[in-house]
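In the two complexes that follow, chain A is the common piece, with chain B as its partner first and chain C second.
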Partner chain A sequence: MGALAEILFGGLFQGSLYAMMAVGLALVWTTIGVFNFSHGVFMMLGAYFAWQLVEVGLHPAAAFPLAVLATAGVGWLLQAAVVRPLIGRANLVLVVVITTLAAGSLIENGVLEIWGPRSKQLPPLVDGNTMIGSIGVSLHQIAIIVVTPLILGALWMFLTRTRLGLALRAVAQNEDASQLVGLNVTALYGLAFAIAAGLACLAGIFMGGYRFMSPVMGADPLLKALIVVVFGGISSISGPIFAAYLIGFFEAACSYYFGLYWTPALLFAVLILTLMVRPEGIFSSRGRGLA
Partner chain B sequence: MTPILTVEGITAGYGRVTVLNDMSLEAGRHGNVGFFGPNGHGKTTLLRVVSGLLRPKAGRIVFDGEDITGKSARAIVGAGLIHVPQGNRIFPDLTIADCMSLGAYSARARPHEAENREKVVALFPKIAERWRQRVRTLSGGERQMVSIGTALMSHPRLLILDEPTLGLAPRIKDELCASVLDISKGGVPLIVVEQDIEFLLELCRQLYLINHGTVATEIKPGESIAHAEIMSMYFGQHQDH
Partner chain C sequence: MMDPIKRNVRAPGRTPWQREAAGFMLGFAVLALLPFVFADSYSRHILIMAFIYAIVASNWDLSLGYGGVFNFGHLALFGIGVYAYALLTKLAGLDPWLALVASGVVATLAAVIVTIPILRLKGIYIILVTFGFAQLVMQVIISQSELTGGTQGIVRIPGLYLFDHNMVRDAKIGYFGIALGLLAASTIFLRMLVRSRTGASIVALRDNEEYAISRGVSLVRQRLITLAASAFFTGIAGAFYAAYQRNASIDVFGMSLATIVLSMVLLGGTGTIYGAIIASFVLTFFGEAMADFGAWRPMITAVLIIVVMLVYPSGLVGMIQAAWAGLTGRLKRPA
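Then we have the complex of A and B:
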């Protein structure tokens, strides 16, 4: 009973963080067809924005949404600077890997310059601890487990129930046809990047509330998000969401039974096996397309 | 009647390759206009330039008195020039209903959404039965109906169709041709690219033979020309290179 509760809780918690990160990566891939390697930097930058706003005296309830908006704005700008000018190139995917990596490392160094290397911490979403059965957990973690599905659900509703969401899905499928119905393709690209950056900021706020922040805190989550989208299939956003939770549970179970040390190796073994059997990912169909 | 579309000295291509060479033509003075000609000689390229998908290297395009050269595709859709591209790929994972909402996306088309949807349903009852079906699961003919239906939702002042009957079985093709004639009777001026000369002669009074990226021959209304003559022109042009 204790084992099950611990695995379930750990899986839900990690899965939430992974889902929050991976969904943004998938959103950008499906709409624009590029991998954004500065996605981890958005997460870090978002956490620092939030920290700064709390530091100047704002209540977290105001500071956190503001940080999300600011990070979304940075996402938009970064897209306009290092992605949009390259659209139409034959080797777009590769070039954008390089430009987003470069921009990300610039931002990382900028953050180090401005805020210094000393670790910082954000206030938790909810203060306090509680017991689930025999395990002690923080209310912050519980809040993350509850809030994440709500936000992902809202994103889902936006993409499937609104005309703007429909436009984003359309651009993901056929750019020429999108232009011929009068969609503003460049603005929709910007929007996809902005939403992704905003979601990454949220992940950063979640993480900064229970772990120390540093300018390189986004590197590992980016790697995890990449694994999640490869595992779940990059051609939709529902695939990565399921995969995020699946990997969360897998890791929780591994570290319970085999220890933290073996978990990454086992995860990669499963990933490689999956890709040998289903190269397009476990939850994916062929072709790009949101939702 | 003044021409609804004027193409003046357009030169365009892809990269260093020039496809259209100083092309000039006029459409709308005598009703619908048809383009025909051998494969790969620039008909689709011309339409892409007209609708703003491809920027010309030189020349001018005037739509209903307004210079639209170099404008964005979005602005051109906003002006009411609607282009149904060749190959009806549209949005494979969207439903027919989604495509129709997208067709009515522009500010110009939005107020007419309900009225245009009724027109599309009346014109293509077949796709109305499958409103919630994804485009990728439709037949080629049905997909073409969705493409044209989506364009009608954009409330066109000029509708451009690029090979609407390409690759369709004869029965479906006849149905589609009848629908296109209906659209024309409904008052929307058309520019149609087609390989089927019979259909073009029925639909249009003015034809252009496009060859080597330029207008090889114009057939004006009144210059009734025999089918055999066109065919010899068609293949004659084809043989001399």
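Then we have the complex of A and C:
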């Protein structure tokens, strides 16, 4: 019983973080058709923004949304600077990988210059600890588990129920037709990047609340988000969300039964097997289409 | 002179091999004479590093530029070479020269293993899987710390000797010679491969996969050949790097090194081999020239990479070709 509870809780918690990151990657891929390798840096930058705002005396309830907005702004700017000018080039995917990598390196080193290498920590969403059955957990982790589905649900509603969300999905499905019916495709590209960056910032705030922050804190979550989108298929939003929780549970079970060290290798083995059987991911079809 | 119909085709086999061989010999001679100009060990160190980068970048150009396979685990193959050499010489006590070659073989095997899951994949999926492969090789090395030293790395790796002559002596002239020899061997190997029928079929698969397959080119075989061929000298370069630096660390798997080498490939212009080599020299020397900028160096490099990508996406070779076309009045297809 203890084992099951631990795996379930650990899986839900990790899965929430992975889902938060992976959805942003998938959102940018489906709308623009590029892969944003500075996504992990958005997460790190968002956490530092939040830290700075709390440091100047703002209440977290005000600081965190402001940080999300600021990171979304950076996401929009980055898109305008290193992605939009390249649209239409033959090797777009490859060139954007290198420009977003370079932009990420620029931001990472900039953060190191501004805030220094010393580890920082954010206040948790909710203070305190509690017991679930026999395992001790922090309320911060529980808050993350509860808040993440709400935010992802809100994103889902936005994409399926609002005009703007539908416009984003239209661009993802058919760019030329969207342009023909008068959608501002360039602005929607910016919006996709901004939303992705905002979600990454939230993931950063979540992570900064229970672990020390550093300029390289986004690298590992980016890797995990990559695995999640490969696993779940990148051409939708729902696929990566399911895959995020699945991988969360898988990791929790692996590290419980085989130890933390073997988990990455096992994860990779499962990934290879999945790709050999279903190259497009387990929850997805090959086409591009949001939601 | 060239056949007028074939002149505009940017594909292997365009330049007569005699002319290319002459150009190669000229370049080799210039590089071989450099130690006479730069006698101090620091300048030679920069040159050795440039040669290592050039080997890694030009081999990456084979899979990325010619094969169109977005192998983002290329630096992991280099890292596998580093660790294979370190473990083979230090733990297994193998002769350093044997270990050098064996590391190339190990990297080739690793490339074959990573090729299997990407055989059915395209574009972005290949990036994801190979990137994940690189990160997970690093994770495995970190987790097996009893063997690999984990994040501490491995120190005091045996260097290369020739009849009791330590290669570091005489301002590293020995290592300079080996590095240049490896670069020459790697370049000859790559150019011969891309000029061969195999090379043509690899390019055919990149440009029109369905048509190439319908004409009897095997996607599975050619992709295995592409990745395996690009891994061999990359692994040897990794082993040589380990022998030269005499330590191994997981930094070789980091994003910063991958970004630098990838920008060498793209800056040089893909699908040329020589472009990657030229860009490796340019970026290495440029990086050294900026050593005084300290923490600002990676930021300046990042900005420069972005600017070049925005302004001249076909890279240095494309720039040279355009200039040449302008000079001779020929109209060439943009790269």
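FYI, the second predicted complex is superposed on the first by the 291 of 291 C-alpha atoms of A that agree within 3 Å, B and C clash if a C-alpha of one lies under 4 Å from a C-alpha of the other, contacts with A are read in each partner's own complex, and residues count from 1 in each chain.
Note that contacts are C-beta pairs under 8 Å (C-beta built on N, C-alpha and C of every residue); 3 or more make two chains touch, one makes a residue touch a chain.
Since the structure is predicted, the reported quantities are computational estimates derived from the model, not experimental observations.
J.: Clash or fit: chain B and chain C on chain A?
T.: In the superposition, chain B and chain C stay clear of each other.
J.: Quick one: chain B or chain C, who's touching more of chain A?
T.: C
J.: Applying the touch criterion given at the start, work out whether A:119 contacts chain B, chain C, both or neither, answering first, second, both or neither.
T.: After superposing on A, A:119 lies clear of both chain B and chain C.
J.: Could you tell me if A:99 is touching chain B, chain C, both of them or neither one (first, second, both, neither)?
T.: A:99 sits against chain C, while chain B stays out of touch.
J.: Between chain B (first) and chain C (second), which, if any, makes contact with A:264: first, second, both or neither?
T.: Only chain C; A:264 stays clear of chain B.
J.: Considering only the touch criterion stated at the top, classify A:162 as touching first (chain B), second (chain C), both, or neither.
T.: neither
J.: Please compute the chain B to chain A to chain C angle from C-alpha centroids in the superposed arrangement, rounded to the nearest 10 degrees.
T.: After superposition on chain A, the angle is 90 degrees.
J.: When the two structures are overlaid on chain A, which partner does A:130 contact: first (chain B), second (chain C), both, or neither?
T.: In the superposition, A:130 touches no partner, neither chain B nor chain C.
J.: Scan A:179 for contacts with chain B and chain C and give back first, second, both or neither.
T.: Only chain B; A:179 stays clear of chain C.
J.: Smallest separation in Å between any Cα of chain B and any Cα of chain C in the superposed model?
T.: Minimum C-alpha separation, chain B to chain C, in the superposed model is 9 Å.
J.: What does chain B use to touch chain A in their complex?
T.: Touch residues, chain B against chain A: 51-53, 72-74, 77-78, 82-85, 89-94, 98, 101-103, 105-106, 109, 150-151, 154.
J.: Can you name the residues of chain A that touch chain B in the complex?
T.: 163, 166-167, 169-170, 173-174, 176-184, 287, 289
J.: Name, in rising order, each residue of chain A that touches chain C in their complex.
T.: Residue list for chain A touching chain C: 29, 35, 81-82, 85-86, 89, 91, 93-95, 97-99, 101-106, 109-110, 112-113, 219, 223, 226-227, 229-230, 234, 260-262, 264-265, 267-268, 271-272, 275-276, 279-280.
J.: Contact residues on chain C for chain A in the complex?
T.: Interface residues on chain C, with respect to chain A: 64, 70, 72, 116-118, 120-121, 123-125, 127-129, 131-133, 135-136, 139-140, 143-144, 255-256, 258-259, 262-263, 266, 270, 295-296, 298-299, 301-303, 305-306, 309-310, 313.
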